[in-house]
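For clarity, chains are labelled A, B and C in written order, and residue numbers in each chain start from 1.
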């Protein structure tokens, strides 16, 4: 099976969907000649032309609304917001419009639109360019929010998003674009609302999404070398959220650690912890732990940035803390 | 049909109004758009226009009247209509107010709680207590009071019969004594443990050591114990004992000695609780985790209150526990509450070994074989039964000297074994 | 003559029938809005309710220049737009009263009317929010090489919000078929145009985007129509976006709940002056002079309209409220029911909760009108 970079898997998905359905078109800043800030749209303008690869001025509110209007008339726009941070100037369009149109018009119209954008931090991009607030959108009824963590899922989930008839926020990540992985040729989809379990284990469940899953898997490896068996649940979909898979895992391991790139207060992990405590109340052997980005505007200086990002060491320590808290019973004492 | 003029709702917050002045009299012609009256609201004095052409045939509420919105205040006959005004009494009690479509729709019926709490996953029949649906708090309380949760299974006050705190409390009150195993003395009254914060020095040690050695930073101390007196005692006692169950093993002696030593060196009878700041949870009870080979692998059941029990009691309980483990039918709390561990590989001929601490415990004693050896006593070579014990201690809880002192005490107890019988 | 070709015809050569139709439409909107205000005071309509009273010439004139190929977007002052666009008085009144039979099935209310069949795409609550979306509709028309253009009606205050600039700029850059109609009624809520706009001659803003624009007397329905015919032709045939500013006035306050009927920020004199230019009598006079209207015809129209509007009120009052058990219906498309299935365990609010008698689908019972909205012919 071919191996490729995460970003190239996205390009493949876009190309295949644009070939498959004439209604699909992409819109965003620098997606044409510049090939996209993160090269995801490289080559597409040559193949599909300027109407289907529509470059915009710097006007997020404007072109986000344009995506909505085009979707209402039956097209399938894939709007690229250069980084998640810039979605803020288009919040009204996303939250007050895209998420509400179907419902507020009594189901008479729909907005089958995808918004693709990378969150995440690293590289000293500083405060306004390093955020991961996808939880705000996962909190909004009417939105769907997806976040693949590997190239296989990137391609399959983007295809699902484009074929979906509701507004979908598709979260990529600055650090994840260069992750490698196997990607099947041809058409396949990854279903929305279903989490994956990339690593099975028995002692601890770690739930994460996007780049945090990449980190969590590395931490699980490290724990394994100490005889601790962590199961990693990769959410892939924040809304709808696959509570069933999470609950099944926690029922097996009785311990839960949630990891996210973003701020944990009122974050994705808060939601998971709340649902797990309700569904697995009597089966928890330790309180649910969360670990995420430090709640500061991302500082510039390298040591400060490193301290602020939810790195593997922090995840590792948090995992051990959960295990210790529950007085894990050892099988062997030798 | 004549048009009923009602007290109008002229603002979002208006609930009632006062007609300050009718601008039309009974019998006046009225045109669409003309003002009927002025009305004082919560916000301002406003006007109500007529929305129809017609004649104001009746004023039901005059100047100065106050009424809730929706109350009829007048009647307007449209062109060509005959109205019998005697049908409308002035100041009549208002008919039921118009349905207020602005009131919030009744919210959806509160969703029924999910039918029962989700079923716990099927487990092996052996781990029965874990199958009992109970709140985490109830579990802890049951363990502390020695209550067998299975006696309350499914009969708790929580949803689906879940056992909750109040069930454990009432059970503890009404039970004559906690479910006891033969010969077990009652657990101690009072708090089960005491949390101590580590002092600054210890915190610093804990921090530094944690960095250099992930998990509990182990220190290992080995002591040779002269077991002759203990072995002699063990033989004597076993000659006096009738039933098999009460026969001692050397390990029983070691366990009792360990427990008595832990009475003095309490920091080793503890759990290390990571946190900011980290804490040492020192237990009042001394429950020894004992390593036992089982079918599936090494098992670690717990013998409780070892310091309080006689040697024969310890022997009996230890055998019972091992028996249950081997036949794969452990009791609910066979694995719970261990405060310190003992592992004995002497039977397999191991001289000495280093055991790994079971976190969050902070110590484990590894017992080697007692074997005759040539030793030097008072400048002479003698044959003595020597046994090597190795203590693994969590350096965050105990320093080398403390650990050494513990071993010295253990050695003293084993070498003067009558103290174990008292 | 088909509606389409009629809409494109020069105003001078409009047949009498069409002139009467425009007049009747203005009468209908006026009476509908009056009775809407009355129903609001009877607490049958709640929330925000913005009326077109006084603006009938602008509303009718704008819509008169549209064909079935075109799309119409409006602000929250949309009742007149909806009716002029072809929605029934029944459906609009039922929506105002929040009933299941309303054009948005009671979910939208006064500010969110729509009529997919007649290409009226709302009814929008955020000032200027409809502009980028209208831009998107124009983009879709261009993308699929479809005939038609998009008319986006905004108020005078919306020209100052960011979305105005972004949308018009992109319409100009991409040369999209978008006609922006600024209904300048002098006030954005309580703030006059002069207080809010550095350039109060709002049509001039279009020159920043090199768009043709004009200002027209919004009380003259034929003048509005004529300006729109010109603008729509440019937009449809030459893909040249334009701006039309219609000078009009609202006789009522910003909304029905605007307690002081706008006397706090306007003078009675000003209101009276504008009432001298009430668009309905103005048009009526012209038509009588031309012999297109007489008292008898007007009385007939008035009586019919009175009945029509009363019927709409009765229809709405007697219509059922939406079922609270169906609160989550229309949240997502039908296939989403399955996608949300695994979210259920421990769902604190049981968002897919089962209604008595069976599962409540979380999508509309009927597929949304994609085929209507984006017909490819």
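Just so it is clear, a residue touches a chain if its C-beta (ideal position, glycine included) is under 8 Å from a C-beta of that chain, and two chains touch if they have at least 3 such contacts.
Model, not experiment: these values are computed from the prediction.
**Q** Of all the chains, which has the CA centre nearest the overall CA centre?
**A** A
**Q** Taking contacts as defined above, which has more of them, A-B or A-C?
**A** A-C
**Q** Averaging over Cα atoms per chain, report the distance between subunit B and subunit C in Å.
**A** Distance between chain centres, rounded to whole Å: 59 Å.
**Q** If you average the Cα atoms of subunit A and of subunit B to get two centres, how far apart are those centres in Å?
**A** 33
**Q** How many angstrom lie between the centres of subunit A and subunit C, each centre taken as the mean Cα position?
**A** That pair's centroid distance is 39 Å.
**Q** Touching two or more other chains, which residues of subunit B qualify?
**A** Expected reply: 118.
**Q** Any chance you could list the residues of subunit A touching two or more other chains?
**A** Counting only residues that touch two or more other chains, subunit A contributes 247, 279-280.
**Q** Residues touching two or more other chains, restricted to subunit C: which are they?
**A** Residues 345-346 of subunit C each touch two or more of the other chains.
**Q** Per the contact definition, I'd like the list of subunit C residues that touch subunit B in the complex.
**A** 34-35, 37-38, 40-47, 97-98, 257, 259-261, 321-322, 324-325, 327, 345-346, 349-350, 353
**Q** So in the complex, the part of subunit A that touches subunit C is made up of which residues?
**A** Those residues of subunit A that touch subunit C are 25, 51, 54, 56-57, 59, 61-75, 77, 89, 92-93, 96-97, 102-110, 141-142, 144, 164-166, 191-195, 237, 240-245, 247, 274-276, 278-280.
**Q** Give the list of subunit C residues in touch with subunit A in this complex.
**A** 71, 102-108, 112, 114, 116, 121-123, 125-126, 129, 131-144, 162-163, 165-167, 169-170, 173-174, 329-333, 335-336, 338-348, 363-366, 368-370, 373-374
**Q** Within the complex, which stretch of subunit A touches subunit B?
**A** Interface residues on subunit A, with respect to subunit B: 226, 247, 251-252, 279-284, 320-321, 323-325, 327-334.
**Q** Which of the residues in subunit B come into contact with subunit A in the complex?
**A** Within the complex, subunit B touches subunit A at residues 117-118, 120-121, 133-136, 162, 214-215, 271-275, 289, 291, 297-298, 300, 335, 341, 343, 353, 355-356, 358-360, 364.
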